[in-house]
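The chains carry the letters A, B, C, D and E, assigned in the order they are written, with residues numbered from 1 in each.
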Amino acid sequence: MQTFFSIGVDALAYGMILFVISIGLSVTMGLMRVINLAHGAFAMIGGYIASYAARDLGLAYGLAIVIAVLGTIIIAVPLERFLYRRIYGAPELTQVLMTIGITFCVIGLANYVFGPTLKTIPLPTGLQGPVDIGFRTIAAHKLFAIGCGVVVALGLWYLIERTSFGVKLRASVDNTAMAAALGVRTKIVYAASFALAVGLAAFGGVIGAELLPVEPYYALRYMVTFLVVVSVGGAGSIPGALIACLLLGAIDTTGRYLVPEYGEFFFYLAVIAIVWVFPRGLMGRAK
Amino acid sequence: MSAGASVTAMPAENRGWQRDLIGIAAILVAAIAGYFLFPNNLALLTRMIAIMLLVLSLDLVTGYCGVATLGHAALFGSGAYAAGIAAAHFGITEPLTMIAIGAVGGALAGLISGVVILRGHGLAQLVLSIAIIHLFHEAANKASEYTGGSDGLSGISPDPILGVFEFDLWGRTAYVFGIVLLLLVFILLRILVRSPFGMLCRGIRQDPVRVSAMGASVKLTLIKMYVISGLVAGVGGAFNAVSTQVVGLDSLSFTNSAEALVMLVLGGVGSLYGALIGTIAFVWIEDLVSAANPFHWLTIVGALLIAVVLFAPKGLYGTAATLVERYRRGGK
Amino acid sequence: EVIKIGVVGPFSGPFAIQGKNFKAGIDAYIATHGNKVGENTIEILYRDVPQADPAQSKALAQELVVKEGVQYLAGFYFTPDAMAVTPLLKQANVPMVIMNAATSAIVTKSPLVVRTSFTTWQTSAPMAKIARERGVEKAITVVSDYGPGVDAENAFKTTFEKEGGKVVESIRMPLSTNDFSPVMQRVRNSGAQAVFAFLPSGPTTLGFVKAYNENGLKQAGIQFLAPGDLTQESDLPVIGDAGLGILTTFHYSLAHNSPENKAFVAAAQKAIGNPAELSFPSVGAYDGMYVISKMIEATGGKQDAQKAVDAVKGLTWESPRGPVSIDPETRHITQNIYLREVSKGADGVYFNKEIKTFEKQPDPGLAAAK
Amino acid sequence: MAARLEVKGLSAGYGPTRVLENISFTAEAASRIAVLGRNGVGKTTLFATLAGQTRRYDGTIKLGDADLTHMESSARAWSGLGFVPQSRSIFPSLTVEENLFVGLKGRPRSALHEAYDMFPRLYERRANSGAKLSGGEQQMLSTARTILGKPTVLLLDEPLEGLAPVICEELMAAFSQLASSGEMTILLVEQRIQSALDFAERVIILERGRIVWDGSSEQLAGDRDTVDQLLGVASVPH
Amino acid sequence: MSALFEVDHLQKAFGGLNVTRDVSLALCKGDRVALIGPNGAGKTTFVNLVTGHLRPDSGQVLMGGEDISNFNPMKRVRAGLVRSFQVTRLFAEMTPEEHVALAILQRQGKSGRMAGSFQAMPDVMRETYEILETLNLTALGRVPVSEISYGQQRLLEIALALTLRPKVLLLDEPAAGVPHSDTFLIENALAQLPADLAVLMIEHDMDLVFRFAKRVIVLAAGEIIFDGLPVDATNDLRVREAYLGGYANGSAA
């Protein structure tokens, strides 16, 4: 029983961190229909900015997060304007090529500017160290990440399903030309969603840095993880992504606890099993 | 009228074959030119040939059938390991036999991949392919008894080809052997893609529901194509094992799969020439810039990929073909 | 005459920092010894293999030999990349100096291979003795599930059990593991007094060390033992205080106290640009250059691989890491292995403090394989 | 209120293929015009070009006082142009209500009832996703969605396709109502020539991308030769 | 006459909406039936159920007495049950020639051939152009489908259904989007069909319906409310109210 709870807590924490980092990708892939392999690159940029702000400038953690999110968005705006705008609605493979190219560039530049070493984002004392939760201890920053995950999930779900911006976004994605013909300023809608996705990436990059530390290769290293999580959930579905993250987090954690030497098999066989039952992802949007 | 139809059909028919002959001739000329222009770099060209076979094989399922996959190296790596294990552990060192064993290994991997991957749709399909490549990779890592695990499978020493041509330091034998294999595969694939079966596959890529409404089995057709694709990739993998004499886990890696996809898209999906050109362009440019600046070449490659999307959105070959077509239409 | 040396290593991609250290070591050597050996001028050609990829490694090596006419091949961070090149050496008449790849068997693949780095067996085995000395009866091993990890596990287990200890459990975890909490829970439940861990140097070590602390293993008094890969100097600032007190055994610490090392570190730090990036592959490269220069001396710049290799068999010298020699039989480097503890200097810089020395250690891995 | 649409020298097409050549006409405010022509003559292309969706090579488009020529599609919508495309273009992942919502162009949500009044069927299916509507329901939705935005000029590309005869009658009546009450100028492409002639006061006929006939509908009804020649023999019930 | 095609007590509900309520009908060789009904009555759903694109909640589908309820769509096609789609489903990058040839090859069981080309098969080419000619598409034989107008695509959709030489043909609004000037092409094509083929056509163009059909079935709210002769349909009060409206007056005259 003890073990069960223990695994449960780890799974929840890991799943939520995955969720916070990947959800932005769910927005770009599911809603904007762009296979954005550069998602990790934006998360990484966020991490670098936060690291610089908190470690080198000594700013407060919260402020560093804000600066990281805004900074990443500012960097992303010209990319959206000159590169991404060209691939909205393009064949998926073209998008893959473009966003891989962007990722390569970002990796190369990060390597050049910051060097290949790891960068830390110092945590405030409140988030450091273990917290006793009765039957075991858990890192405080993991609890923080769980909280962030819940907030992001609720906020995003509301924005997309319940606001007029959400409706316009989904309409633009379904059929850009028609949405425009009905008066939706699709370019602005796209730019705003892109900024949202990038901002989420940066936020996730900072929050998750304790588990996925920031370094130049970050941009590619975790790409597969993000892709798997988002697709298993069904791209574009916030609840889907949440369930997928928790489920995959649980599978991964359990596997690594019970059969670490077959952890990889355990995880990917589970992924195959899930997709076998849900061939379009857990909550795939109708196309 | 019906007679007229078949008459008008003939020229197009001939034109197609003429174009193929020109294409094959072009490959031969390029191969010979490569041999004499870069006599000191045949190893690179040889590696290119192995990758071309992988990319061609990927084109069969991605370009012609529309199956998105990031796990195609599973087919390539299986071929490589099949041939490598046969040589290193069972003493089967005759190169042609090794290639055949590799092809069978690739086909088997193709069958497994196909059955699993085709279960999903869209992104889920992509995820299945990722899962497959990781499972294959992990299996090879675990079976280090046979595969050498992460240290690589060494101890492959193929016999001279046909008992005559030894593999040499300059890689001449391997290169010529590779070119012969490549041409053979290319011609067979050319026939395949313009056959009724090839047309059916293209149909499936564009609308599977319509195909099944014609009474054809989508799943079965795709699995067949996957097996064929496995044969081709397996030949590529086996050739890689023969020419490198070592098989590493990288041949079964996600990176390898993703890179193959990038090369394919770079050249232009859905055309065999695109696959060849994409591979040449990518490997060659990578070699060039990484030799010039081993530390920061990734940035340049990234920028080039972006440039290709901006200026040649259909890939290098696809865009060139469109331009030529437009020029021709305009010229008339 | 110009003598070209081809260096193959990971200069970009996830292991770029290790390749950068190759270059730093080589540059440091040239900076301190000049680029002339007798009449001959040395020229270095770098070729990038970002991740283990034997085919690419072989193609590049072949190109270096045939097209560029290099007389020496060197570098090689990954075992399979080195393995792929060994069949070429004889026909090419080129010796190969391994500056990192750490699997014992490579030297057996060709008589023209010399290694100036270390093997995982060599750096891991002494840790078992330390554990016993410190009264550990029951230990658990946790390693990344790939060649070097398995080597480390075997090295520790074999030695530890020979010394009378018991390895209660051996965990192998996938290389891609990011969250180590579950592993740490298992370590805790195993009842072991110490955990011996191996992970390749790089990002994951950070999460591993943090998980060790956050899951209360440190508080519970479970000792953390590892070969030095886990605490490579360039990762230490990130691990921070969490790493303090970790015990590692390794062939080289940047903090090694000797005039040779001070000179080397100064030169290498200058070469690499950012001093925080310097770590162990640099010393393998530096000594590799020393060995190559001896080879050039012996052959007078003529291309004769066998003669070159024979000339350095038994070669003994004072490396920045301490006294070393090339074992004439295995052509692998015999060297001191140090027990180190992660410490924080007065200037706030973290370093591996040497606290014990195992002198003149050969590679136990080859013997074990037989 | 209905506005005047003025098109001058318009040429347009797809990439290198030119489809429309030098189209000029003026639709007076609150007029009803039918655009007819055989298969593939460019009717859809004409409307799509007016809506800003195909490439324009040449010519100008004016709506009331606004010059639409260089405007983006969405700006044209805000200037008062409404377009109901032949392909219906339902947003498949949105519900019926959300589809309508997009068409509101900032009008309050309460205006949705106008659409439901026009097509009660849509009200019943309002929570359904667009993808799952029947063909006719999609057609209703597409039309209602555009009308909700209160356009001053309405382009209807085969709005009756797939609708039951009863509904066709009601719908044509509603269109006539909108035009004659002075709310909208309506341009209609329709295959059912009779319905088109009944509705329109003026007819424009296209042939290979050019206007080949332009006149009142009575005139056309009397001119059997033109009808047979330009619209095909079977077009008007014999 | 024995029934060639039979549907028995078919039921389907989406959530709470009963789209198909206990629908039974039979077609015999040579039948020319029109299925009409208000929008959303469940006509397309009926076709989807019958062709296996949707799974019914209950009920059976029989071809020539054999229960094909458990066949997948592909097998039903092979059993002779062929449909056209209400919204065109074509291969955007392929030409009409290729479409038709592929359908012929499929019918002949040659679509799995891995060598050769249909252009080198005179019989296939001849038949392809015969069919294209019937629908006046010969000139567009080599133009990619993405570049031909919607109406022309509709005609190709019909051509494909015909090519498969079905025993039972289900046409879902074949004339929608085809200009009236060209509906005669469809009628011509239908007229040339073998006499023993059964055709069920869904259509809202009443002129076409009444020229074509020997029998009319009216579906409303998922139920069959009328099954009989066309003339009787125009006189049926429920049919007029639910569907025909003023049209009945016009054409009855």
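Operating definition for what follows: contacts are C-beta pairs under 8 Å (C-beta built on N, C-alpha and C of every residue); 3 or more make two chains touch, one makes a residue touch a chain.
This structure is a prediction, so every number in the text was calculated from the model and none was measured.
Fewest steps needed to get from subunit A to subunit E, stepping only to touching chains, is 2.
By the document's definition of touch, common neighbours of subunit B and subunit D comprise A, E. Summarising the inter-chain layout, the chain whose CA centre lies farthest from the centre of subunit A is E. Comparing chain pairs A-D and A-C by the number of C-beta pairs in contact, the larger count belongs to A-C. For subunit B, the chain with the farthest CA centroid is D. With each centre defined as the average position of its C-alpha atoms, the distance from subunit D to subunit E rounds to 28 Å.
Centroid to centroid, with C-alpha atoms defining each point, subunit C and subunit D lie 74 Å apart. Once the centre of each chain is set as its mean CA position, subunit B and subunit C turn out to be 37 Å apart. Between the Cα centres of subunit B and subunit E there is a gap of 42 Å. Under the contact definition stated at the top, the residues of subunit A that touch 2 or more other chains are 108, 111, 264, 287. In subunit B, the residues that touch at least two other chains are 138, 295-298. Only residues 14, 17, 38-40, 44, 86-87, 121, 125, 132-137, 139-140, 158, 161-167, 169-170, 191-193, 231-235, 237 of subunit D touch subunit E when the two sit together in their complex. For subunit B in complex with subunit C, the residues that touch the partner chain are 40-44, 46-47, 50, 138, 141-142, 144, 148-152, 154, 157, 168-171, 240, 243-251, 253, 255, 290-291, 294-298.
Listing the residues of subunit A that touch subunit D in their complex gives 164, 167-168, 170-171, 173-175, 177-187, 285-287.
Within the complex formed with subunit D, the subunit E residues making contact are 14, 36-45, 86-87, 147-152, 173, 176-184, 204-207, 242-247.
Across the complex, subunit E is touched by residues 1-2, 4-6, 9-10, 12-13, 16, 191-192, 194-200, 202-203, 206-207, 209-210, 212-218, 221, 224 of subunit B.
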